[in-house]
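Below are structures written as C-alpha cells.
What follows is a pair of complexes built around chain A, which joins chain B in one and chain C in the other.
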Partner chain A sequence: NMENLQQTSRNLLVCDQSSLRHRKCRLSQQVQQHHFNHQVSLLLPECGSAPPPLDAALRSFSSSYLLRKLPLHELLDTHFLQDAVYQGSVYGLSYRSRIDEDTCVALLPSGQLVLSLDKDVYERLGVEGKPSRFNQRANSRYVVTVNLTDSSMAPGGRGYQRLLTGLKSRVQLQTDFLLSHHPGGGEALKALLSRYDWTEHRPQVSSRLLTNLPCPTPLTSDLPSCDPHSFLEWLGAVEAEVSCDNESTSFLSTLVCPEPRAVLSRALRVRVSGLLLPQDVYRLIEELRRCWDGRGTASWAALTVQGFADSPVSWGSREHGFLKGGENFYSLLLCSDHSYWLCMGTGAHDGCPP
Partner chain B sequence: MDERLVRAKIPTELEKVLGVESQPKSKAEAFVQAFLQSSTRQDTNSLNTHKAVILGYARPKKKKSQNSKKARGLNARQKREMKVFQIKPEHQRYELFLPLHNLWRQYIIDLCNGLKPSSNPQLVQQKLLKADFHGAIITVVRSKCPSYVGTTGILVQEFKHVFKIITKEDRLKVIPKRNSVFAVEINGFVSYIYGSKFEQRASERSAKKFKVKGTIDL
Partner chain C sequence: MRAVGGEQEPAAFERTVLRNASPYHYLKVYLQLESATTRLCAVELKQLIVSGLSSLFGEVGAALPFDLLKYDEEALTGILRVHSRGLVKLWSSLTLLGSYQNEACAFRVLQVSPFLLALSGNSRDL
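Our next item is the complex of A and B:
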C-alpha cells in the first residue's frame, strides 16, 4: 500500500542546551529519572588512557543480581519489602522478556511495581489496570501499576491480599529477574537471594583507542558549530565504528562528519554495561566535570547512556514500547566551560522525555 | 283484493236474505272508527302512520361462560411491585443455601448417570448445557472487568443477563454474564461457562440449540 510506505514510525529527540553552573540546570533530574541503564559509553578526545579518578569511577559501578525463575509473588514478600523496598531504592527488571509479547515487570525505586501484561493474563489476574497507550485497535496489552509503599498496599491490606492471591493462585507468573539496590547492594536483597538461584553481575568495562578520527570543531564557544542532530549522527557513527569518510567506493554508509572539522590523532572510547544505577551515572558525570578543572587539552567529552529495549518504562513511569526498535537513550556532550548539550531520544511507542 | 270491494255496498237482493242493512258511506266509516277505538284503545291514526318497529333479535344471545377464572399471571410491573423475586435480607445467609447446593449436586449426578472419573467429558458437557444451575457453586475465572475475578458463591437466581450469587460472607452479588467466564465444579469435573454465549433465561436455555458461532475471546 503506497500510503504505508510514505508513513514511517516516528522518533522523538529532545535537545537541551544549558550549563552545569546554571541555577536551574535540570541535568540531575533527567539523569536520575532514567532508572534502567544498560550501557554507558564515554568518548574522550586526545586521550590515551582514562585519568585515574575517572577510571576509578568507571570501575565502581554497583553490581546487579540475576535471579532465575523468580515467582512474581515473591516481590510482595514482607521481608523483601522491609529490607529493600522501604529502605533505599530497588531497581528491578525482568530479564529476557519481550515487551510486545511476554509479561514484563519493572520495580521502580519509588516503590512502584509496573506489570506489562497481555490480555489473557490481565483478564485472569483480577487487579485493576489500564490499557496500554500503544494498542493499535483492540486492547491487547494492559499495564498494572501498583505502589508498594502506599498504605493500601501494606502487607495484610485488601489491595495487597488481592494482588498476592492473583499472583499466587490465579496466574502463576514466573520470570528471570535482574535486581539491584542502592545503597545496600546484595545485603539488602538477601531475603530473596537466599531462596532462589542467583548470579552476581559486575558491570564490564571495556576500552578502545581510536586513531585519526575526524570530528566537528567549535568556532567561537566550546560547543560545536553544527546542530545537535548532526553531531548526534556523527557520534553514533563513531560508537558503531562506521567510517565517516564517505568514499565513493564504499556502499555501506554515506554519513559524513559535520563541517568544520579537524582530525583527532587519538580518542579513547570506554564502555560499561550491565544494570547500571542512575546514581552511579551521575557520579561519573560529576567526576568528569571535576577532571575538567585540571586539564586544558581537550575541549569536550561525550557520554551516551543506553536504556533497555524491553523495559516497561523509559523515564520516570512513562510507558515504553517496542515497535521497530526499543531505543531510549540520552547523549551528553560536556564542554570545558561546563556548558552541555543533552539529547534524549526515544522511539515510536514512547512518551516524550522530560 | 281491491279495497273498493271491501267498501262496496251489498246488493239490495242480498240485504233481505242476509237480514243486513247496509249503511251509507259516512256512517259506515264512523262506525268502523268507533269500533277500532273501543277495541284497540290506541290512537288509530298513529297506528296507520309508517313507523319503524324494532323486532327482537333473531338469534338467541350467547351466555358468557363464567369459567374464565384461570390464572393469567402477573405482568412485569406487578411482579416488581410485589417484589416476588427479591430475597429478603434475613434470608440472605450462605448456610441457608447449602442444602440447595447438595440438592443440585444430586440432581447433576443423576442427570449425568453418575459422574465417574471415566465418564466422557463431552457427554457431561452436553447434559450440562441444558441443565439448571440454581444451587451450583460458581466462580468467576476470567473477566473483562478485573474486580469480578475471584468471586465465588452459590447461585440463587439466574436471570436473562445476570447471575445472582451469595458469597460465604453472606453478600448477595449480582454478576453480569457478558464478558466473563465462570467455572462450575462437580466431583472433580470443572466446566467453564462462557457467559457471553449463555445470555438466555434458564427456562429457555433447556430448549435452545447451541451453535458454534463467533469467537470465545472476551
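Our next item is the complex of A and C:
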C-alpha cells in the first residue's frame, strides 16, 4: 500500500511566544523540568567573543561523576539518601545503556527513582510498576517509579525493604551511572564515590566563529518571520555546519536559508556538552538577560538544549522512549527586549512538553 | 490564547502546537565499503543513492527528491534530507543497497529525526 509508505512516526513541536516579563511566563519551570541535558549550544550574532560574564557562565557548568558498575541498590544507601537525595537536587542517569533494549535508570531531583526495565527483569524485581506507554501491545517494557523521599521509602520501611531486596538479591542490577548534585557537587556524593571506581566529567566547552552566515530576518519580538520548522531547520543547519548556500536547482542540495534573509558578517557559536544541569542552563539565560539590560542595542541569541536520547524521562517525569531517534530538545530564541520564542520538540515516544 | 498587552504585560502569550508537521526528515548515514581505500565524492554518493532508489522503486523512485546536505569524504558520513512522505522509500532503498562499482557496501543509518537540530549531537556518543 503506497499510502502507508508515505507515513512517518509521530513528532511534536510546541512553540511558546511570550516575554520574560509576562505574568504567564513559565520559562523557568520549563527549563528546570528538562532534567537530563547532554548539549547546550548558544548562538550569538555579530559577536566575536562572548562578553566575560556570559563566558564565565558557559564555563562554569557543574561537573558530573561517572561511576563504573554501580550496583543499583547503592542508590538506597542511607548515607547517600541523607547526604544527596534529601539535600538539594540529585541528577543520576544510567550511562551508555539504551532505552530500547537495556535497563535504563534515572534519579530525578524530586527524589523519584525511575527504572525502565524489560519484562523479564521487571517480573524478577517484584516491585509494582506500569507497562510502558509506548509498547502496550507487546507489554515488553515496564516502568517502575518510586519516590525515595516518600515515608514508605524511608530506610526500614516496607517499600524500601522490598525494593532493596529486589535490587540486592533478586536481580542484582548494576550499570555505569552518571551522577551530579546541585548545589553540593562532588562533596554531597562523597560517600558513594569513595566505594566505587569513578571519574569526574567536566563539561566540554568549544566555540566556533562563523562568518558570512545567512540568517532569516528580522529576528525581533514579533518573530520570526518564518514558520517554526523552517526556523529550526536553519538553526539546525548552523549547528550541524550544513551550508545553506545553494540554488533551488542544485544537484546535491536545495537547502536555502528562509526568506527574507540577511547575512551576518560574523556569529559565535559556543557549545557545552556533558551531563548539564537545568540550574546551570537557567543561570546562562539569566546572564544573557543581564548582558542586555542597560544596553539599548537590539539583539537576539539562540540557545538549543538537547536531552539524552536514552533517558527514561524527558520533561518532569513524563515517560520518554527512543523509537527512531529519541529526540527531546528545546530551542530558545531570546531577544534583547525580553521577548522570546521557545520551541520544544519531541519524537514519537514522548509525552507533550509542559 | 492571547492576553492584551499593557504596561505590566509587554507581550502576549501564545502557544502553537504542531503535530507531525515537520516537512522533512533528516538522516545521518555512514557508507561502509569493503575496501578501505575506495573513495567517493559527494556527487558519486548521491548518484549511488539515486541508483538504489531506482532499482527498488523504478523510474518513479529515482525521481524522489532528496538532498545531500553535508558529506565528509574521509569519514564517508553524510546528512540527507527528504520530504517526510519519502522517508520510508529512501530508508528502505538505503537498506537494500549492497554494492558500489562491484564492491560490496552497506549504508548504516546512524540517526534519523524530523529535526535537523537533533543531528548536531548524539548522546549515545557522549
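Throughout what follows, the second predicted complex is superposed on the first by the 333 of 354 C-alpha atoms of A that agree within 3 Å, B and C clash if a C-alpha of one lies under 4 Å from a C-alpha of the other, contacts with A are read in each partner's own complex, and residues count from 1 in each chain.
The criterion applied here is as follows: a contact is a pair of C-beta atoms (placed from the backbone, for glycine too) under 8 Å apart; a residue touches a chain by one contact, two chains touch by 3 or more.
Fair warning: this is a prediction, and the values are worked out from it, not measured in the lab.
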item	value
Touching partner for A:S116 - first (chain B), second (chain C), both, neither	neither
Chain C versus chain B, contacts on chain A by residue	C
Touching partner for A:S331 - first (chain B), second (chain C), both, neither	second
Contacts of A:G345 with chain B and chain C, given as first, second, both or neither	second
A:S314 touches, of chain B and chain C: first, second, both or neither?	neither
Touched partner set for A:S299, first chain B, second chain C, both or neither	neither
Residue ranges of chain A in contact with chain C within the complex	4-8, 10-19, 21-25, 38-39, 41, 96, 98, 221, 228-229, 232-233, 235-237, 239-243, 251-255, 273-274, 304, 306-310, 324-327, 329, 331, 337-339, 345, 347, 352
List of chain A residues in touch with chain B within their complex	120, 122-129, 162, 165-166, 170
Touch list for chain B against partner chain A, complex	141-144, 146-147, 149-150, 218
Complex contact set, residues of chain C against chain A	3, 8-26, 42-43, 46, 65, 67-71, 79, 81, 84-89, 111-124, 126
